[in-house]
Amino acid sequence: MLEYLLELDGLTAGYAGKPIIHDVSFRLEKGTITTFVGGNGAGKSTLMRAIYGSCDHLGGGIIFDGRQIEKKTPWERYELGIGFVPQGRCNFPDMTVAENLKMGCYTLPRNEHRDRIDAMLESFPMLARKIREKAGNLSGGEQQVLETAMVLLSEPSLLLLDEPSLGLAPKTQGEVFEFVKRIAADGVTVLVVEQNVHGALLISDKAIVLEMGRKFLEGTAEEVRNNPNIRHAYLGGNLSEEEVSE
Amino acid sequence: MDYIYFLQLTANGLVIGLIYALIAVGLALLFGVLGIVNFAHGELLLIGAYAMAIALPAFGLAYIPGVIVAVLTAIIAGWFIYEVFLSKLGHGEFERSILITMGLSIVILNGIQYIFTATPLLVNTEFGYAGVSIGDIRVAWTRIAAAVLSAVTFAALYVLLNYTQIGRAMRAVSQNRDAALMVGMQPRKIGRNAVILAASLCGLAGAAVAPVQLVQPYLGQFLVFKAFAIIIIGGMGSIEGAVFAAIALGVIESWIGGFFPVVWQEAAGFIIMITVLMLKPSGLFSRGGMRVG
Amino acid sequence: MRMPFLAVTVVAVAAFLPLVVTSSYILSVGVTMFLYLVAAMSLNVIYGLLGLLSLAHIAFWGIGGYFTVIAVMDLGLSFWVALPLAGLFAGVVSIAVGFPALRLNRHSFVVVTLIFALLTTLVARDWVSLTRGPMGIPGIPSPYFFGHEIAGAYSFYYLAGAFALVSLLLLYLFFTSRIADTMRAINQSEDLARSQGVNPTAYKLLAFFLSAFFTAMAGGILAFNQRVIDPLIFDFFFMQAFLIMVIVGGRGSFVGVLVAGAVMSILPEVLRFSVDLRMVLYGLALLAFVTWAPNGLAGWIRERREERLRSELRQ
Amino acid sequence: MNSATPLLEVEGLRKSFAGVHAVDNMSFSVAHNTITGVIGPNGSGKSTTIDCISGFQRPNAGRIRLDGRDITRLTPQKIAKAGLIRTFQTVHIYEAMTLRENLLQAARPFQASGWVADFLRLPGMRREVDAAMVRADELVDMIGLRKYYDAPTRILSYGQKKLVALAAGLMPKPRLLVLDEPVAGVNPTRIREIEEVILNLHAAGESFIIVEHNVEFVMRLCERVIVFVGGSKMTEGDPKSVQQDARVLEAYLGIPA
Amino acid sequence: ESILIGISNPYTGPAAIAAEREKWGIDLAVEEINEAGGLLGMQIELLPMDNKCNPSEAVNVANKLVEAKVNVIIGAHCSSATLATMPIIEKAGIPMVTAVSTSPAITDQSGVGGNKWEFRINPSDAAMMKTLAGYLANSGKFSKVAIIGEDTDFGRGGAGAFAEFAKEAGVEIISTDFAPQGLPDFTPVLTKVSRSKPDAIALFQLGSDQLTMLRNAMQLGLTIPYTGRAELGGQNEELISAGGMEGSVSAWTYSPEIDTPENKAFAEKIKVKHEISPVLQTWAGYDSVNIIAQAIKEAGSAEPAAIRDALEKIEFTTVMGKTISFDDYNQAGEIVVILGVNDNKVDILSLEQVAK
């Protein structure tokens, strides 16, 4: 058994040939949850896209499950078992929730669609209530949950979540984080970007801090949470301990 | 009123309406699936028609093999156009798609005119000018064949789009490329399939029209403007709407042509379209609008 | 600044050209260029700034031509009165068309404006008692300017040139004003503009009106230059030519479209292409730009600048 | 202005889509010079209510009054001109324009000069532009994006775009600014800075309605909090009491009572 | 140094086939002359331009031809285009020979009518229709005729002339329809016309429109004969042999069947080159060049003014063997061929001299 599911080795990536991410390296163990922390524009989303293959690869290596994948297209990576939920709106607005979920099963054998969708609806009952509604008409939070569900349907072994709690009410947020924790326990490796850092760190094993497109710090969630510099720069500073655990 | 006369007009109109529908459906498909208003649609049709007009005498083909040649030629053209131009389009670049297809239309039209001259080609099939007569009503076999071709096509297309994963994937890619990537689709491949499908419809339409009318460079333009009006009436991108509007327009035009000066026949489609839009700005068969926030 | 100096030089050269060049052919190419420039620039108002691809532009060009001719020949108006009236008339028509058409989404808008253009062609062709239909109206009289007959390439060069100068100056002021900026904003996000208190319909109608107004007058001059008018003035070729100028120059850019318009009017004449080949050339230029440089010359330059800026920001 | 009439008054608002009531019998009012928070589960009708208030959706029933004036059937642009500006939950900015242009454009409809003044570049218009420039300068520092001032906003990250949208909303100094999830996706440290700016503006007399899922943010800023559940108002009160309401804990925070 | 003949013809649009066939005749004549050593020691060069069968484009083309300093012009095929071109050649002082346009208005405006530079060698519609109506009346063939014309000078002019002379000759006109050029489907109007059961349909349509119309009629199974300016031969040969035009009678300005050695040789050469017998436009092109060549020879100069003066006095024998000269209105169109279809073959029913 391989110990590391994903290894980044000096990865450089960006847009239109210009690097945004510089020389980033780290390794992810199977079944762990890792959070990226960083200010707005630090390059977190770009790093996620680089791992999924939807921005320009400019150097370095990505090893997934023992295979070099940096030259592969996004759908090839998808086939290998990488699932990516991008930041902001990313669904098929003119299709119903049911159809969107069916699209989530695009690469799966037909006979599995029903069961998987039913199971997903059970985990996220708010989608079941809106099953006939067009995705574009859902509320912001409902769409966010839908998108996460669409990717989860294919049961990826590496899950990239770019701000999964964006626009989620605390209760829904709790549901989503619970779900993530559960699948991680089942062996799925999860990489999360969150501005809701407190919530995310609570479920994470590890945290990586990005600054100006470079890796600034790496440590356990606990370490990062208690690092006073990090607290000041990214966690909203002087919060009382009580507020943090809210 | 002379009901035989009326029925003959209706029969003429039905056939023409079905031919319109064949053209309009391809247009609606490209719009519905890729968000492209294809100004080169008439020229793709032209390619099909010329392929048929040249292949029939050159290889002594019969009607059906001729149709297949036309469809294949159009598919090759569509594939080429997709790979070189349309695949460069991003999501929602609707005006750009118009301009690309407009450029293609200019190049193909004038290129064909340059190569084949404006002299029309006559396509003669094994049906000749023979037809069926029911009482005093008569329809030529070539027209019936065209009508049957288009009816079969609609059925196939309807099933494809609504009941298969491929059809749904095409719609998905048109709505959001990023989301398509997110669920592991290959937008480029799906886009190519959609264009090829639409091109084959053009080729089919060209093959259907060729024996009925004259094959000459401006054949496509005249028909395609009408098809634009049709897909607007039907609600942009709605296949069922396009079929309905096309058949209705064919019949109405025929009636008008039978009772009023020819000018009104030509204006009918346009005037109907404007009226429909006044009453229902999104067309007869459109889906509802989207929320803003 | 170098720009104003350049502009003055170009205008001066253009003004003295007929004193040096006696070929009426070259001067007539100049006339065409002036008229195309105005028409393309006014298309640039509605399409470039607001992103509304109005294929009705060709209709206003033709309406302007027919209105001026009919006003002079049937109503006995002076050319100098008829021309601005034609602009106003086309403007009013544009508002009448714009009201319903602008309610539609932008896809339907394109097709509806196209069909409006086809309908005007039908009217020109089939309202025989007014327009003489396909036979056209020949024998259009020359306009007189203080007793001086404007006929032939030489005097039309000055007429069209002066018209283009004034129109383009006004349009330049417009393109660099905040009104144009608001139009650009509406083009990018109509909902946001509305939430900020902008009334998009007013701006769209204004753009529609302006584009119709200037184009119609250009069409009127064209008709008098040709001395005959017929439904071919609605030929889609003109529409394609104007569009290509706007695309190649760069949507929304004044200088870009100016340069592209001049080049695209002169080049095919210089190269003396046959008609089929000329259209193929136009088509290929359109394809090449839309596919590989969708924002035209101006856009290409802007992108280079942005790229520099970005790499500076990285530092 | 008469401080007895509330700044915004929503009465019996209803909006349904194909039979589903997104907002039903919603009534609340907002006093002058206050910051009001709105919270509620996903899909509880918060954004739909904003859409109705700002004219982007036509309510099926109900009245909306801004400072006593009925604005129920007005177009969005008229409502904005009347002094109620809203931002969007999803990012809405002018992507092809620079950050500076985005901010100046936001102020444009509230300036006195019209088309003629703009076309002729009258001095009055120039003065207005200068004034707007000063305010844009302040705001760009607040969102910390000065180095992107003349860059097209297209190249910004999600959170940065969100900040631009917020700054654009603050530009024209409206009487009432309705913010739909203004800090979703914004870094917590930046959020603290934004809080200060909002408090300053509040001190200068501006009013806000803030829809947010970031509970701490809402609780720290707002004097009153309204809780939406299932399309209608469940409760309303000061932050402390709302936070202790068992029904709120259950429905919104997911903490069983 | 060469002689430059400008051509203003509709190489695109509905009259494109006809223009192309005219080009065959022009090219053949020029080839013959150049091979025989040219004129006055100079070769003939052609400058063909496309006027799209349209007045304003014809004006542009005329201006370009003037600019290119052509010695003489052949054109402009479509009547509207010819009429629009005439003021320009007059101003520039370049003669134009017309052999296809049939509008009577050209007669009125040429020669003593005002324009001394325009010469026409084919009969006008008025002349042709008068002859045709006379023939129909004498042979008693059709008594009820429906007219379908294209909406142009040609269609309206021809239809008007036919209606006028037919009435004089006692033929009843039961309906008149004008259809726009380029209409793709004529079945509605054909269905309408056939309902009133006319003895014949008088067609006034050019090239591809006429072809579309005839094919539509065959698809509808109509067996009504045609008259007016229905083309019996040329592009319609296929339809005629398929039985689509049985019994038709129409007026024409040329037939390859006319039995003179020159005509037979001419028809043979064209047939060898293009696999199709010459049509009236081919003849028009051929004799236009030849009459110009003769004028240049007689003038001893290729100056436009000299050519014009020589044309005015010329005595020219056409390939059909008739000698013609221009009248005061610069018209020399004196022959009308009445053609008919019998047993799916075209016959010359009569070769008539135009009544002046």
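First chain written, first letter: the chains are A, B, C, D and E, and each begins at residue 1.
Simple rule for what comes next: a contact is a pair of C-beta atoms (placed from the backbone, for glycine too) under 8 Å apart; a residue touches a chain by one contact, two chains touch by 3 or more.
Remember, predicted model here, so these are calculated numbers, not experimental data.
More inter-chain C-beta contacts link the pair B-E than the other of B-E and C-E. Centroid analysis (C-alpha atoms only) places A farthest from subunit C.
Centroid to centroid, with C-alpha atoms defining each point, subunit C and subunit D lie 42 Å apart. The mean-CA centres of subunit A and subunit C are about 51 angstrom from one another, to the nearest whole unit.
Centroid to centroid, with C-alpha atoms defining each point, subunit A and subunit D lie 29 Å apart.
In whole angstrom, the spacing between the mean C-alpha positions of subunit B and subunit D is 48. Shown for subunit E are the residues in touch with two or more other chains, namely 11-12, 151, 180. Each of the following residues of subunit A touches two or more other chains: 137, 140. Contacts with at least two other chains are made by residues 47, 56, 88-90, 155 of subunit D. Residues 23-25, 28, 122, 125-126, 128, 133-136, 138-139, 226-230, 232-233, 274-276 of subunit C touch subunit E in their complex. Subunit D makes touch with subunit C in their complex at residues 54, 56, 75-77, 80-81, 85-88, 92-97, 101, 105-106, 108-110, 115, 118-119, 121, 125, 147-148, 150-152, 155, 168, 172.
Per the touch definition, subunit E reaches subunit B in the complex via residues 11-13, 16-17, 20, 151, 177-180, 182-185, 187-189, 191-192, 195, 207-208, 211-212, 215, 218-221, 238, 242, 244.
Subunit E meets subunit C in the complex at residues 11-12, 50, 52, 54-57, 59-60, 63-64, 67, 80, 83-84, 87, 151-153, 156, 180-181. The residues of subunit C lying in touch with subunit D in their complex are 173-174, 177-179, 181-182, 184-185, 188-189, 191-200, 206, 306, 309-310, 313.
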